[in-house]
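As written, the chain order gives the labels A, B and C, with residue 1 at the start of each chain.
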Amino acid sequence: MLRNRILAVENLFAGYGETEILHDINIEVAGHEIVSIIGPNGAGKSTVMKAILGILNINRGSIFLESKQITGVKPSDVVKLGVGYVPQTDNVFVSLTVQENLEMGAWTLRSGLENKFDEMYTLFPDLSDKRFQAAGQLSGGQRQMVAMAKALMLDAKILLLDEPTAGLSPKFRHEIFSTIQRINESGMPILMVEQNAKQALQISHRGYVLVDGSNRHTGTGIGLSSDPEVARMFLGSRGSV
Amino acid sequence: MDIILGYFLYGMSLLTVGGIYALLALGLNVQWGFAGLFNAGIAGFAAIGAYTYAILTTAESKFHYGGLELPLLVGDVMAMVLAGFIAGVIGLICIRLRADYLAIATIGIAEIIKLVLKNESDITNGPRGINKIPRTWEHFSEERFYSSFPLNVINSSDSWQSFFESIARWWWQPFFAGTIILIVLFTYFLLEKLRTSPWGRMMTAIRENEMAAAAAGKDVTRRRIEAFILGALIMGLAGAFLGQHLRLIEPTQTFDPSKMTFLVWVMLIAGGSGNNKGAILGAFLIWFVWSSSELVTNGMIEILASIFDSVDISILKNRAGFIRMLFIGLLLQIILQRYPKGILPEKRPAVSGKI
Amino acid sequence: MWESFGFEFINFYFIPGLVLGCIYALGAIGITLTFGILRFANFSHGEIMMTSSYLTWEFIMIFTSLGILAHPLIGAIPASICAILLALFVDRFFYKPFRNAPTIMIVIASFGMMLIIRSMVQVIWGPNQLTFVKGIAKPNAYIRDLTASFDFMLLIPNKHFSILIGTVLIMLLFNYLLSSTKIGKGMRAVSDNPDLAKVSGIDVENIIKATWIVGGFCAAAAGVFLAMDTQFIESTMGFRMLLPMFAAAILGGIGRPFGAVAGGLIIGLAEELSAYPWFGDGPVISPGYKSGVAFSIMVLMLIIKPSGLFKGKVF
């Protein structure tokens, strides 16, 4: 077990209805870490996220936030307990302004909303002068930032990102990755699922490779990205490592 | 003896109206149970059937167009055809939309039908309605029928007249009820055949997973329109028989959109949507509950009145119908929440492997 | 120009159309909100409207028996509170059990509620029409004289004036709620993307309650305004309003409250203006078919552009 463990998924079996997708998954994230989950399409990467959030049926196994069991807790309560989550698509309220989006992220926040806004606009300077624009009018990269800022509005203990760079151009992809690093440097542990495995591993402290809903490899970011088998796996499907 | 006859005739009328509702429920089952199409305009389709039948078969009238005096069977068939045609038109427009929209659209159609029936008085005699609709079997004792083909071949008008005067006036009731029951059974067997046919299995597949069915190259929209039309055909026929049973139809009370449509929905859900047997069972059961609730509410009012002197019995009696409606509404809510699958839950035909 | 065309058109067609449109708009707000936030077509909405006009009538009676001469708008205050409670009660016991079930279950439940609420009103107040306001509504003398001095005499009865002003005030309040309060923004968020709302930590159940409160209040206002306009109440008035309100909500785009307002105004005007003798002497559409106008517009919209004028949702 890691020291200073924030999130742990232990021996998890889960899926949709009767179809089991995840078989015996183990994942841990320590404080201050960026951890990536990579793997080919259909490996169940996003499913892990949904299981943590409480959107799926969990057949066996447990999920801990710090020392607290959150297995089978409702999504809205998981969020309140300190898991910030950014879904892959439809992750902003398009008809609301940027600032309203942030406000929605802080639903249970009792006070200090203004300070939180300032904090977010410092972390995401691009959003500062767009704060009264509808989120639906922003570019894909900016939307992604709104979504991340929204998820950080409650004092999250960990941030879950589901394919944060999916569908973005290389330029934006780079920007998002450096933003993720910046968020992490401010002290936020991050667990992300990524298709762009090489870049993701480069900024990650550790990574997990999932194949067919099971753990295949585990290692440091650098270690995994130089692992020949991992490289072969991705060369086969995307050729990006 | 009179009491027994009374019960017998009461039983016949229960069978008659129960059977008509069973037809409506079977029609709805094709649309909702098979195809997942929400029809909230059942009364409208029944009205089309009833009016088509009435206009085609009644004797000539100075009040409205029609009274074409066509054979009754032509009336029955045309009732189905017209109801089916209207369903086809609605289907083309609305069927791709989600169930809620279809529900709204069908309520609208029922309203428009009512408006037409009310306003086009040259054809429908407007709010006064059409009277003296010939009933199957009973019609033989009317002069215009026994003096014409086929009865005039067998015997002369005069001897028919004396024959019908010699037998009991209710002679036709068992025949009429029996005919309706036969039609219900025939429809049931037809629908059961259909349900287990490739068409029926495809409907199940579409309802289960529309995207997958569409991806598998099934023409989902077309299949749904077919189901909608088929259901409407049955409702049109039910309407024709309702017209016969009532003999007088008018646009507002006879086809009270909320009451009739609602009762049929309660019947199907109570019986078990998706299950033809359930639809029939639900129809008879709820019709029995509905008609006996009249006795129960009236009895309750009598009791109330005898306990509390201050209760104005006439007001309560006037409103007894609404109390019954309230109970049926609550019954639906209880069934929906506690037994959403109904008394006879749907049995899925085996979908072999792929669709 | 004013003499030959405008006077008649404005006073006898346009203003009544606008008034009717306001009533539809208020009703359609509730429909579009529940459609957007709870994802279902609420068939019992018209009955909430109808019930609140009966409750208003009852409160006026109570006030009068206490020796207070009450205007319908005074009676409407306790009535709208009762209407809100009714809406919340219905949601808690008849709709909430189906939150995670297929939406069609809740549609059927609301279809049933339509009958239950109406039967309840018929049991309590009887099936006959009741007179809501007695007498003939005379045009407001001040407006008439003022406008006459500018050569465009407007004949607006006080009841119409109250309805127009009341609707504008409610709209302003509603706009403030949606754009400047947390609960209003939450309503917009849930309507925009309910799944995201759940994983953002928004308390969706509270938003749903707020939706019923706002929808119930607007329905109550619509019911009372309708009763003020027609001066009588009857148990089928809610059902009669249902179709035009749905038409307004669909026309404006589902989940777009201000779209529903625009839709309501368009439908109301279209219904009244359909009786105007645009060509020749007689009305374009026979008055008997007036209530078919809303339906025709709705069907047309569903064919041409199901998402409505203001880019609503299509499910």
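Simple rule for what comes next: a residue touches a chain if its C-beta (ideal position, glycine included) is under 8 Å from a C-beta of that chain, and two chains touch if they have at least 3 such contacts.
Predicted model only: the values in this text are computed from it and were never measured.
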item	value
Arrangement of touching chains [line / ring / star / complete / other]	line
Greatest separation from subunit A - chain, by CA centre	B
Busiest interface, counted in C-beta pairs	B-C
Chain at the geometric heart of the assembly (C-alpha centres)	C
Rounded Å distance between subunit A and subunit B, as computed from the means of their C-alpha atoms	57
Centroid distance [mean C-alpha coordinates] between subunit C and subunit A, Å	44
Computed distance of Cα centres, subunit C from subunit B, in Å	33
Subunit C, residues touching no fewer than two other chains	none
Touching two or more other chains - residues of subunit B	none
Residues of subunit C touching subunit B in the complex	35, 40-41, 43, 94, 97-98, 101, 103-105, 107-109, 111-116, 118-120, 122-123, 126-127, 239, 242-243, 246, 250, 286, 288-289, 291-292, 295, 298-299, 302-303, 306, 314-315
Of subunit B, residues touching subunit C in the complex	36, 38, 40, 93-94, 97-101, 103-105, 107-108, 111-112, 115, 118-119, 257-259, 262, 265-266, 269, 315, 318-319, 322-323, 325-326, 328-330, 332-333, 336-337, 340
Subunit C to subunit A touching residues, read off their complex	182, 185-186, 188-189, 192-193, 195-204
Residue numbers on subunit A that touch subunit C, as the complex places them	53, 55, 75-76, 79-80, 85, 87, 90-96, 100, 103-105, 107-108, 150-151, 154
